[in-house]
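Right after this note come the structures.
Below, subunit A partners subunit B and then partners subunit C, in two separate complexes.
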Partner chain A sequence: MSMKSNDIQEQSFQPKEILLEGIEVVKDEKESKKRVRGIHRPKTNSKALLKSLSLPFALFLILFVLFPILFIVFYAFTDANGFFTFNAFISFFTNTVKLNVLLISVLIGVLNTVLCLLITFPLAYLLANPKINKNYMLVMLFIMPMWINFVLRTGALRDLLTIILSAFGTTTGEHPLFCTMVGMVINYIPFTILPLYSTMLKLDKSQIEAARDLGCNPVKTFTKSIIPQAMPGIVSASMMVFMPTISSYVISDTLSEGKIMLFGNSIYLSFSQSDWNGGSFMSLIMLIIIFIVMFATRKFENAGSERGVSAW
Partner chain B sequence: MVKKILSYCYIYLILLFIYLPVFYLIIYSFTAADTLGMWSGFDLKLYADLFTNKETMIALGNTLILAVVASLVSTVIGTLGAIGLFYMKKGLRSFFENVNQIPVVNAEIVIAMSLTVMFVFVGQKIFGGANLFSFWTLLIGHCALAIPFVYLNVKPKLTQMDPALYEAALDLGSTPTKAIHQVIIPQIVPGIFSGLLLSFTLSLDDFIVTAFTRGSGLLSGHSQIETLSTLVQTKIKKGSLPPEMRALTTIIFLVVLTIVVIYSLKVNHDAKKAKSSLAGAHAKKRSSFSKEAR
Partner chain C sequence: MKRVFPFMGAISLIAALCLPSCQAVSSNETDDVVYLNVYNSADYINEEADYYEENPLSGNAGLLAEFERYCQEEYGTTVIVNYSTFDTNETMLSELKTGKASYDLVCPSDYVIQKMIREDMIEPFDEGSTPNYDQYVSPFVYEKMSEIEINGEKGLVNDYARGYMWGTLGLLYNNNLTTLSTKKFSITPEEMDEDMTDWASLWDDKYHNLLSIKDSVRDTYAAGILYTYTDDFQLDGKEFEGLATLKEKHDDGTYDDDTYNKKVTEIFNMCDDITLNRVGDNLKKLKENSFGFEVDSGKTDMIVGNKFAINLAWSGDAAYSMDNLDEFIESGTIEGEEVDTTTTNYANLKYVLPETGANIWFDGWVMPKGANKVWASRFVDFFSTPEYTAENMEYIGYTPVIAGDAILDLVQSWYDERYVEEEVDDEGNVIVEGGMDYDALDKDNPEFEEEYYTKDISYFFEGTLEEKEERDCEFYLSLESQGKQFDTQYPDKDILPRLAVMADFGGQNASMLLMWESVKNTVLPTWFYIVVAAGVLVVAGFIVSYYVRKAVVKNRRKARKEARKQA
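Coming up: the complex of A and B.
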């Protein structure tokens, strides 16, 4: 065995020696370093070429991601003539209508997130169970609606709801909240399925079994083992639903017949009225909400993973 | 057994729930009645109507042209950006990665509003009151949506790659452009492809950014560019979905379904193959062990 490994070493050394001969072995260390640097010089140049490839990308991000946000901040605190003012700030926080819109948006966002999670959590659990589903196609079918134009789907749902509700003698306009929620849930189920499904695939089955063996009843197994393990998936699924719901426009506008204003509708309204200052201020508020939620969930996610570690 | 039946019931019930509106349209696409829910016998008239309806065809053409151009541009910029950042110093790289993350978490309407405000400002103050809104602003909007996702799809493939490969190619006498083309790109092709696909679907489905940043151009000529999303939205704002849209829904559904079936068959096949090859590897290991034992 040892003989063999020696052979291999000898063989592997041979090409190196040839290489060294090719560039002349230099004994002085400093000189050799210089030489090596000399050999490397074209490489650093070519790395500059590699780096320059990202120039369009970097420019695009600065021009069309960073700058626009600066413009939003600028417009949020100036008036139509470009002078500094707190007008948008004051009119937003003293306007009960706009504040109500924000409150209702957050409430509908929470409601939608909870409903979607309640429906898709068991669904993802079942789909990830190899005893029930081995076919990837079933998972894809749940995601597939995302590739059918969502305005088209929303219009279809509105027409369907109109027919169903007319059988009960009412219209969609009379039940704006119900219709909006049906539309929201149908639209966001595909978004929640994927993150939940992928964490369910990674569930540690032996931990769940151990919990059962150690005397946990099903409820306790669920709350102490399955939920903590699935926490990253739950958090990212909630993020996929909550934020887009608050800022959604088409679903609430179409299905509530314009009776439910969400924050997105409010921003859209200021766009269609060319109210750039008010719209920018609301966008800024939205941006701040997004960063707060991001920050909060990042902490939450860490807590979840820590809990997972402590469970070990 | 009962448990299994119940779980199947649950799965298919939810599936039915999310497809109900689409199925409803598909069924009634095969009849000529204008109002949804009325069946006046089997008829393919709506399909003929769809292809002769100029408005819808223009919107469809615009949507496809925009999606193709936007996804190609985004894929090129995003991929090159990922390669360049990969070889950059850490500080600069993490700065651009953080900026790249903004549109990913940002609400679409905020992206749309911020771009619009900027275009309005630049048009008024720099170009002297010019209206900048055109196909180009629309393209920028769609790229702003898609480029970050292309980057996020390509980057993991780069980190899986051996960073010394590029230098090795240079050592072996390849020119830098050739090294990028023949060594780096082939390593990250799957990431590029999924980035392209994602940006294509993002562009196809978009409503908000399109509504905010569009101007005149493309097939719409001198009037505002209509894509499928904006056209359908203006229609359903006025009343129910136009009948020919039922035929369009059926066609879109069939196209997407075909792609999904082919893709999942491939995934299932690969999973089986991986399993069997794993089993094969185990068998080889076992046989080699037994040889050594001898």
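Coming up: the complex of A and C.
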């Protein structure tokens, strides 16, 4: 009993503190802005200065983002001699093999996203609980694999899987999908754990508490309070996993022993056989999918940035 | 202004890309310094400082440095070799085509040379510009090169290219299946030795999941077509004799070597749509039966031998695997611990060219348009000297097209049982002189055949040896070395008629790529597609209904507001 009452006390105190902190921060910001604007800098100069400061970044964007995209578009709608044509467009949408590769990539992308979320969601919830995880070290441990080159990691995983599967009397070549999914999940877990962890840190405990008090069973509390609150994190985590999975190349190639071809492999094949136009068109399709996904999740992203969570 | 800038930039960049690049000729001769741009596959030339020290002027070591020194000495010219490497022929080709760089010498494979000649991208060599090459090139390889047809004309390849290395595509296999991580296979080594002489074994259920094929269209297609046309077949209403029939007729003497080779080459180079379909179907079955695809990892996986036992391999890679395995086994004994064969289980690698036919390939030097022909030819000629070629061969592991005494010496020292290693005592005095001891073994001795066999490779060295009459090219080899490095590097004379060069696919390239993609593609069961389609429809329905409802609510609100206003 005493434990329980302690819990309640702790949790009921927290929201007030958070609220107070929030207000203070906001006040501070407002004041500092006033100071900067009002006293230290003349208005006209600062604007010009700020604009000139953004120039390097604008240049960077133009050179490394805009130009490559323009090249992709240019190649996607020209033939080998540089004349305008819809050939790549037509040959992509009439080729069932390529469409099938795209479908399989999307399915594997969805599967990978779901698996990563299923594994990391409870993990992030636990890690964000100060009683279980006292410092940041545990989170770092989960992110640490990202510091090792992932081609090396994938190669090592291939040998590890060979050893593990041999215990069951089978090899990696016999289970290409299983091995690919293991590799994918292991490689993308660090990408999901960070955004989820940072939303979990900001979960409004009082709301969860209220839900419980008002008669929600644990399942309902989870679906009606925790998930909606964690939605921005879930969305940004999914974005970090879904798109890279579709275009990933090394993992599927190494772990499925070349038996599963993803969209990235298909694009690579086109370029390596000097079919630049077909390859560019497929890259364009990738870009379009990225834009669609970004457009569809725009709402959550905005909500996320309000809460201080972005796609890090 | 802000809006115009990126737009203008894009246009100028695209224009720069489309216009023929007006690069300055990079191999200019200024102040008697010649810059020679050489473009080669990775790990394909001796660059080790162990052989020749680094040239401080160019930063090159090994034979490249030696070439630079040789030029200084022989011609009094300072030559600096800009040596760079490429991964695949295709990347090299597209780089040359887009004019990103200009080279004086490039070393592509046979089919790319063919393509380059057809597309008029390269310069022919001047006659007599490579005297060493002309003298020492193996007559066998020279003839193979001259057989390639370009636009109906034979012999063009030898005008435009100078051979560098050659080899075959066959099966590298490990007949000790106990090294596998899954111990469920019980195929005896002898059984496997026999099976591997037939391409059909790759499709056999017995070797399910035991073989790895190349993740490259041309090489796997080679295996596919050799299997597909084993038996007699029809094509466009015409009857063709299959490879098995051809072999029988060659064995019983109906076809001589030339006719047989011509017929095998003809079948090997079929790539019409019907053939593509047939081979594609067979390759799909092969994919089902195989462990997986690889291009690079296979040669190391074979050394350990725990993943798969059969690998479609190039002869150079096969020799590399065997050499490394030998080193691996030897190093086990050197480090104090004797290898206990009962506990330590090593793979037993062998290389075989199946009986119905196999692929022979070569890489050669070509000069792209605008190259510095004089110095490029001198470079090629320098690397065609048997002495330097021997050093090159020692380092790379592939078989050079150059023959000659120095090469024969080297190969004998590696493989012949009669070769005696040089022995030196601590003070550097030679106790036993190294070299061939021709009387060490007597092949007329009845016991000889129990342990040894002989193999003649004079086909390769014909006419290039100085002591033509005295020197024979018969090797005395132990029976254990059958199918090992020597057989890998120099195939038996009676295998030669069934080796075919694979030409460029030409106009069929695109169809070939489509076939390959459909082989690599994973086809799911039909019900799965139906489920996916239903799922997509449901989700789409939800989204649409959500927006429709939203719009309806909005309209109602609007109507209410207006009604209130009116009221």
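Note that in this section the second predicted complex is superposed on the first by the 241 of 312 C-alpha atoms of A that agree within 3 Å, B and C clash if a C-alpha of one lies under 4 Å from a C-alpha of the other, contacts with A are read in each partner's own complex, and residues count from 1 in each chain.
By our rule, a contact is a pair of C-beta atoms (placed from the backbone, for glycine too) under 8 Å apart; a residue touches a chain by one contact, two chains touch by 3 or more.
Model, not experiment: these values are computed from the prediction.
When both complexes are superposed on subunit A, subunit B and subunit C occupy overlapping space and clash. Once chain A of one complex is fitted onto chain A of the other, the partner contacts of A:Leu107 are limited to subunit C, with no touch recorded for subunit B. Look at A:Met146: by the touch rule set out above, it reaches subunit B but stays clear of subunit C. For subunit A, the partner with contacts to more residues, out of subunit B and subunit C, is B.
Looking at the shared chain after the overlay, A:Ile267 reaches subunit B, while subunit C stays out of its contact range. In the overlay built on the shared chain, the residue A:Ser256 is in contact with subunit C alone; subunit B does not reach it. With both structures placed on the common chain, the touch criterion links A:Met200 to neither subunit B nor subunit C. Looking at the shared chain after the overlay, A:Phe67 reaches both subunit B and subunit C. When both complexes are overlaid on chain A, the residue A:Ile189 reaches subunit B alone and has no touch with subunit C. Within the superposed three-chain model, A:Lys98 lies in touch with subunit C and out of touch with subunit B [touch as defined at top]. Shared-chain residue A:Thr171: touches subunit C; no touch with subunit B. Of 43-51, 97-105 or 277-285, the segment of subunit C whose C-alpha atoms clash with subunit B in the superposed model is 97-105. Counting contacts by the rule stated earlier, residues 62, 66-67, 71, 162-163, 253-254, 276 of subunit A appear in both its interface with subunit B and its interface with subunit C.
Against subunit B, the residues of subunit A that register as touching in their complex are 42-43, 46-47, 49-58, 60-62, 64-69, 71-72, 75, 119, 122-123, 126-127, 129, 131-133, 135-142, 144-160, 162-163, 186, 189-190, 239, 243-244, 246-247, 249-250, 253-254, 264, 267-268, 271, 276, 279-280, 283, 286-287, 290, 294.
On the subunit B side of its complex with subunit A, the touching residues are 4, 7-8, 10-11, 14-15, 17-22, 24-25, 36-37, 77-78, 80-85, 87-88, 96, 99-100, 102-103, 105-118, 120-121, 140, 143-144, 147, 151, 166-167, 170, 176-177, 179-180, 201, 204-205, 207-208, 211-212, 228-229, 232-233, 235-237, 240-241, 245, 248-249, 252-253, 256-257, 259-261, 263-265, 267-268, 271. Those residues of subunit A lying in contact with subunit C across their complex are 62, 66-67, 70-71, 74, 82, 95, 97-98, 100-101, 103-104, 107, 162-163, 165-166, 169-174, 176, 253-254, 256-261, 265-266, 269-270, 272-276.
Partner subunit A is touched in their complex by these residues of subunit C: 5-6, 9-10, 13-14, 18, 88, 90-91, 93-94, 97, 181-184, 209, 212, 215, 217, 287, 290-294, 297, 306-308, 509-510, 513-514, 516-518, 520-524, 532.
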